[in-house]
Amino acid sequence: MFYHKKQLQYFKPPEKPDAVYAKKIQELIGGTFGEMTVMMQYLFQGWNCRGPAKYRDMLLDIGTEEIGHVEMLATMIAHLLDNAPIKMQEDGAQDPIVGAVMGGTSARDVITAAAMNPQHLIVSGLGATASDSVGFPWNGRFIVASGNLLADFRSNLHAESQGRLQAVRMYEMSDDPGVKDTLSFMIARDTMHQNQWLAAIEDLQDSGLETSPVPSSFPQDLEKGEFAYQFWNHSEGTESSEGRWAKGTSMDGKGEFEYVENPQPLGPEPTPPQPDPRLHGTPQNPAANSGGDSTIRRTSIG
Amino acid sequence: MFYHKKQLQYFKPPEKPDAVYAKKIQELIGGTFGEMTVMMQYLFQGWNCRGPAKYRDMLLDIGTEEIGHVEMLATMIAHLLDNAPIKMQEDGAQDPIVGAVMGGTSARDVITAAAMNPQHLIVSGLGATASDSVGFPWNGRFIVASGNLLADFRSNLHAESQGRLQAVRMYEMSDDPGVKDTLSFMIARDTMHQNQWLAAIEDLQDSGLETSPVPSSFPQDLEKGEFAYQFWNHSEGTESSEGRWAKGTSMDGKGEFEYVENPQPLGPEPTPPQPDPRLHGTPQNPAANSGGDSTIRRTSIG
Amino acid sequence: MFYHKKQLQYFKPPEKPDAVYAKKIQELIGGTFGEMTVMMQYLFQGWNCRGPAKYRDMLLDIGTEEIGHVEMLATMIAHLLDNAPIKMQEDGAQDPIVGAVMGGTSARDVITAAAMNPQHLIVSGLGATASDSVGFPWNGRFIVASGNLLADFRSNLHAESQGRLQAVRMYEMSDDPGVKDTLSFMIARDTMHQNQWLAAIEDLQDSGLETSPVPSSFPQDLEKGEFAYQFWNHSEGTESSEGRWAKGTSMDGKGEFEYVENPQPLGPEPTPPQPDPRLHGTPQNPAANSGGDSTIRRTSIG
Amino acid sequence: MFYHKKQLQYFKPPEKPDAVYAKKIQELIGGTFGEMTVMMQYLFQGWNCRGPAKYRDMLLDIGTEEIGHVEMLATMIAHLLDNAPIKMQEDGAQDPIVGAVMGGTSARDVITAAAMNPQHLIVSGLGATASDSVGFPWNGRFIVASGNLLADFRSNLHAESQGRLQAVRMYEMSDDPGVKDTLSFMIARDTMHQNQWLAAIEDLQDSGLETSPVPSSFPQDLEKGEFAYQFWNHSEGTESSEGRWAKGTSMDGKGEFEYVENPQPLGPEPTPPQPDPRLHGTPQNPAANSGGDSTIRRTSIG
Amino acid sequence: MFYHKKQLQYFKPPEKPDAVYAKKIQELIGGTFGEMTVMMQYLFQGWNCRGPAKYRDMLLDIGTEEIGHVEMLATMIAHLLDNAPIKMQEDGAQDPIVGAVMGGTSARDVITAAAMNPQHLIVSGLGATASDSVGFPWNGRFIVASGNLLADFRSNLHAESQGRLQAVRMYEMSDDPGVKDTLSFMIARDTMHQNQWLAAIEDLQDSGLETSPVPSSFPQDLEKGEFAYQFWNHSEGTESSEGRWAKGTSMDGKGEFEYVENPQPLGPEPTPPQPDPRLHGTPQNPAANSGGDSTIRRTSIG
Amino acid sequence: MFYHKKQLQYFKPPEKPDAVYAKKIQELIGGTFGEMTVMMQYLFQGWNCRGPAKYRDMLLDIGTEEIGHVEMLATMIAHLLDNAPIKMQEDGAQDPIVGAVMGGTSARDVITAAAMNPQHLIVSGLGATASDSVGFPWNGRFIVASGNLLADFRSNLHAESQGRLQAVRMYEMSDDPGVKDTLSFMIARDTMHQNQWLAAIEDLQDSGLETSPVPSSFPQDLEKGEFAYQFWNHSEGTESSEGRWAKGTSMDGKGEFEYVENPQPLGPEPTPPQPDPRLHGTPQNPAANSGGDSTIRRTSIG
């Protein structure tokens, strides 16, 4: 069960509105790696967790924190959309560009009115939406909660890596002190969260519950071991042989990397079976497909 | 530019068809972590790669291999759908369940006809589709190619973890020797690919191009360092203090983990600005929203 | 900012697992009118609210409660998926249906294994997912937060009506005392929430902030008033004249309903303009579309 | 069965084209509350209606009217896209902005070419699309037809509220007399349709077929009545106690509102069961997950 | 503007309900090539048509007919869902399968309850939905209206081919005389519509408005003609040389087919440029990415 | 199994970057008829093909070629995004528009920064994405592989028609010699591919495997032949009688077109059955819906 405090975890308002920046920063709310993703991902992982209590508690702690991050960004977007120009040309204004040159101030407004997210005007009335920076809605396929904690912690590490990368890019794309201050808090939390998942991975592996390759509880003698440590070079040229993945002991310590320079198919040519003529696909020869329900029925009965 | 050989990378056909299993194994083709995902993800990462040639080549090698994995699974699904029952009750059959008991053999067919993916009959004519196990289509938001290789390699490691987990689950859900043999090859390749991404991460970090926290080229003095290594306990109870993430040197070696047991908000209550009355949102008091174009026009003109 | 308590708002576990029912009850988590919808809808409405504090606080209170409803249902699904049959036929079992008749107990398991949501096995490892009962993911277009509180409260009233209807249907579809007990709590909360939105609508209208037709701040003399209270009968037969909407004073008290039995078009036939020949659409006569960049360039330059 | 007349229900063409406005007004065609939504929602509700004939007829009448509203907007968009600039800089033109200042006229065209919906050029050849203002396609989850008419009429009231709000916002965002005239007709129809659904709700409740809480045919003694009229305050502060929903007789007349200032969980901590080791989730202790098909098979057989 | 008659274009009710068949036949309503697709596709093509009046009128005629096809199928689904089993086991029933053998009649109901579309119970109350046979919603990307009539008529021919194929498959999957009778009408209409689009293609080409290759108004001397009639053999083996596409005069009569047995790349290796360090992608060498806003600012200013 | 060569099939880099054009040309990668569609469509058709080897081989040849087309466009987008302006106003710049007039050069950059696809900056770091020109992701419902080759070849012909039309429109929208050169190669390939599918259709029909109407293996005496060649005029006015589809021998040679000027319904008014009261829909009269589990149980038991 959940509770709310009215204050934000952290916040400095933008000094100036910027509706185009508001469109872009929607990526951090509703994008594939936005705050809605980490919020819902950690909550579902926590709710689905069957492992030790410390993992479940930790997952729900951070998931609960992330709800507040959506809240911070929604508030920031409200400020960024303040005074958004709702028309490309306001009444009484001159030709916008000439007007700008002649001393008017609305040129930036014309561009903003044209390029801002129209749904910020029409749909949400200058509020944040549950969408990314191109207006595509957040959806449940963005999250993962598999029940296997190492698989999921790797996802979390990844999400925080993309998340921090995107927050940093938004930071670089702004000159507003308020925006930059708030983002510098969120970037710091992303630093923690990358460290947290690296630590959780170490903790989980130390606990003996899971290790590489995931899932480690699957007996490796059931897989085709001869192909389990080979790199297949599917292209002309061998630049790909120069990496750590092409030679030496494998990272799980259970094999030796091998570089297969000219890989050849091991399987046969496919020969998919001929389907039921009642589905009227194209068979290998015309006679095979004398279809139709009545015909078929006659054939199949007697 | 790409080329094709007609033989499959590896393949054993199923011994018996099983249309319900065909529905389920679609997850490995078109699911969030299916072969279409890794195929498209590695190809786009390769095409977008601006780093050293060995990474680009390696990405395109593995991406090209994965096209062949979709091919293997599509072939398997064609075999699994062979002789799929197209009706819940075929002509001339008795009551299906009683018939089964009385010596008939169609009871499993009745259940299969009811539960199989209808699109395997109606849409694809017993062929594989570009969808997951519930028929939801694969889509481009399943992949990531950010330009930052460490962020992306972490994604790849994660994808191969979920991918191997799902392939193992499908292996456990089958008794068919052909299916199990083919999957044991794919699981082995997933073992390699998890190792490959762990190796690529090490290789990339050793190269000095990137490290934790991602992106490492962002100067950490620009983030709010005091919050960069704190775990915030957003719940009653402190089980979450028991993990590696709550104490000791941080994983990036740049800080000390700190456990904040009773975290308090640092920010103010939000006070979003009042929006333009022409958008007809609900203001704080009735007088504020005397809207309407004519009114506004009068006001704004003079 | 948000906090979590480990206990659930309310909960009785199911007495028996039922994986098919687990598939169905996903509708109440991730369906169009599931708990994720009301949770995110109320939170976004609260964060976007510019009206009096009591509305904002109320919206965030109920939004915070709804997070806990997702939590309750996720927990219920974990119980319902306990012991889910992962194969259509377990090792050592006889022909499933005959086996059932002969004293075996697995017939229901065969049906369950065929019909349950495959992603509950393959993707989530017997945990809840952020999807509806057919596996379609929850998405951000399910919610609305327009900034106009009367429009939004009507949405909320509607969502709670569909939500209670669906919860009641799930209640009727179960015989499990635990499931029914938990649902009877959720249905009671839906009763409250329908009443709450009816009350909020009255409260808001009494405050003078908004009334019918929404948005009431738009001057009605700007709309074509002669069509604002007419019912147009677009079909043969006049059964539609028998309702309250066809006669009498309009509900907003500002007009008289009028029934237009044989409505006729008021506008002209459309005459869309001919598009740019460089887009190579089909024009009204062949000569018009002598396209191609070089031609165009020649024409437009000299 | 349906018929078509070539004239539009109502229409004034725009005086001037405006491709950016065309992008925005797509919201009224293919947005969540656009004309495609009400058209398909009313038609499906009519087709699914099992209630008295007057409701079915009325639903199909208004659904049929709404097809014509899509037609009107599609025609308007064709006019708005007339002469759309297909390049950011036409041949022979000077630097666009400088050109504008120097007497050229293309500055607005440069901005328009950059900001208009690219699919209006590339995909539809200057015609309307079945998408919203950010290009996201209309989809079937936007509509509801539940079989319960009160639930659905509340949805319809809501859709017409959002629809009129959005049409009004588009009206405010334009200075074009043709656009404003056509919208003032559509806004008037929305006024009628809000009134119509308010009337239909009253009519339906008067008929004794349905009332609050929906569905009223569910016996309320089956729900946990003690929680059916409580407002739970999930936050610090009690502003939410100031509304109509916190005290007095409930709106359905069946209870008394009660304000619960410090709500506490009524349920236990969740204890989800340990899943099947063959799914290779993370268990509470390492020994539990000795998985793998062969192991399992051995165990489960004997 | 549109009108409605209450009778259906054609209809025979099913003799017996069949909820699983109802799930499947949703494909013909809301699938990629269902009636919603052709309805919306023809209407949008008609509304966007700038060509001769006969095409526009014809498009709107058939689009209007198709609205009635959705109506017919929605009615059929209502009948097929009659008496749908809402529980897997009704009160008082014995173990379902054993019960069946012992003389009970509910075995088919158990299977149906497990396999039917849950949303037909929970969401639509036994009515049709705007989704396909796996519950995926119809969406606006299913349709095309490009402004080029030959391109679009080819789409229409294709849609009617898939549509008739799917209707035939549904016909073959049923034994119900009512279902088969109604489908035999719809299949006949599909026969007409395939013929109609073949005729429209001929008519359009005869009119001189468009021909192959589409768009024919683009001057072919602007394309690289040397590659415009070559078949590239991207695989080992030359079975693909045996078709009409590999030799002889091209179908547009403007070239000669040529079979390129060993195609080689004509382009260079890609060398994408190094991106802005402020985006923190991985560069070719570490020094290049000394990022961070303050650093950058210093560099770029002075 | 697949292989890669590092060179591109064909390529000339753009002479100048243009981030807005990069946004638009995404349509050719990830749009409904972009290269991802033809690539995946031909590969799945090839994998699912059960017809003669020459068709399967040909499908996989062209599918393999199309992978390389995605590669070419991804490379082009990387070049177009070079030096993309990451801020609307760079540090040290003056007011952007005034600055432009005063001799600055950044006006175009301001517009570009506002209008470019934000995900090209935030998500992909100046690389291509698997989305269309409005950022909507490519998805598996864009492709078709039905098993019936004539149905599918018609789809392929259509896809190449829309594809060439869109490539031509992009060609017309650019002045960059590199872009135009590369597109002129792709347009030539589209010319071939339209011809190829026209040839494949002829080849397939000549083979006797399939003809009109698709599927030709369905006996036409099972359809309602009296409606199989009628055009129904669903509107006032008879312009639609002027086309080839309204008179003469039908295109399949099996009937005579007939123009039905005043079509009337052949079916009855719908009378959908009353649903189960446990689903709490609205019945025709109040008494019918005395619902609720306990009531029902009582009724149904005794």
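Read from first to last, the chains carry the letters A, B, C, D, E and F; within each, the first residue is number 1.
In this section, a contact is a pair of C-beta atoms (placed from the backbone, for glycine too) under 8 Å apart; a residue touches a chain by one contact, two chains touch by 3 or more.
Quantities reported herein were computed from a predicted structural model and do not represent experimental measurements.
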{"item": "Angle, in degrees to the nearest 5, of the Cα rotation that carries chain A onto chain F", "value": "120"}
{"item": "Inter-chain centre distance, chain C versus chain F - centres from mean C-alpha coordinates, in Å", "value": "27"}
{"item": "Separation of chain A from chain C, taking each centre as the mean of its C-alpha atoms, in whole Å", "value": "24"}
{"item": "Geometric centre distance via CA averages, chain D-chain C, whole Å", "value": "9"}
{"item": "Multi-chain contact residues (two or more partners), chain F", "value": "1-9, 32, 47-48, 55, 57, 60-61, 64-65, 71, 75, 78, 86, 91, 97, 101, 111, 114-115, 121, 123, 125-127, 131, 134-137, 139, 141, 144, 146-148, 150, 165, 168-169, 171-173, 215, 218, 222, 234-235, 237, 265, 270, 272-273, 275, 278-281, 291, 293"}
{"item": "Pairwise touch network: line, ring, star, complete, or other", "value": "complete"}
{"item": "Chain A-touching residues of chain B, taken from the complex the two chains share", "value": "5-11, 32-33, 53-58, 60-62, 64-65, 71-72, 75, 78-79, 81-84, 86, 90-92, 121, 125-127, 136, 139, 141-142, 144, 146, 148, 150-151, 154-155, 157-158, 161-162, 164-165, 168, 171, 184-185, 187-192, 194-196, 198-200, 202-203, 206, 212-215, 218, 220, 222-235, 237-245, 250-252, 255, 257, 265-270, 272-273, 275-276, 278-281, 297, 300-301"}
{"item": "Of all residues in chain D, those that touch chain E in their complex", "value": "1-9, 30, 36, 40, 43-44, 47-48, 57, 60-61, 64-65, 67-68, 70-71, 74-75, 78, 123-131, 137-141, 143-148"}
{"item": "Residue ranges of chain D in contact with chain F within the complex", "value": "1-6, 47-52, 55, 86-89, 91, 95-98, 101, 110-111, 113-115, 117-119, 121-123, 125, 131, 134-137, 146-150, 204, 207-210, 215, 217-219, 222"}
{"item": "Residue numbers on chain A that touch chain E, as the complex places them", "value": "165, 168-169, 171-173, 180, 278-280, 291, 293, 296"}
{"item": "Of chain E, residues touching chain B in the complex", "value": "18, 20-21, 23-24, 27, 31-32, 97, 100-101, 107-108, 111-112, 114-115, 132-136, 166, 169-170, 172-175, 234-237, 265, 270, 272-275, 277, 279-286, 289-295"}
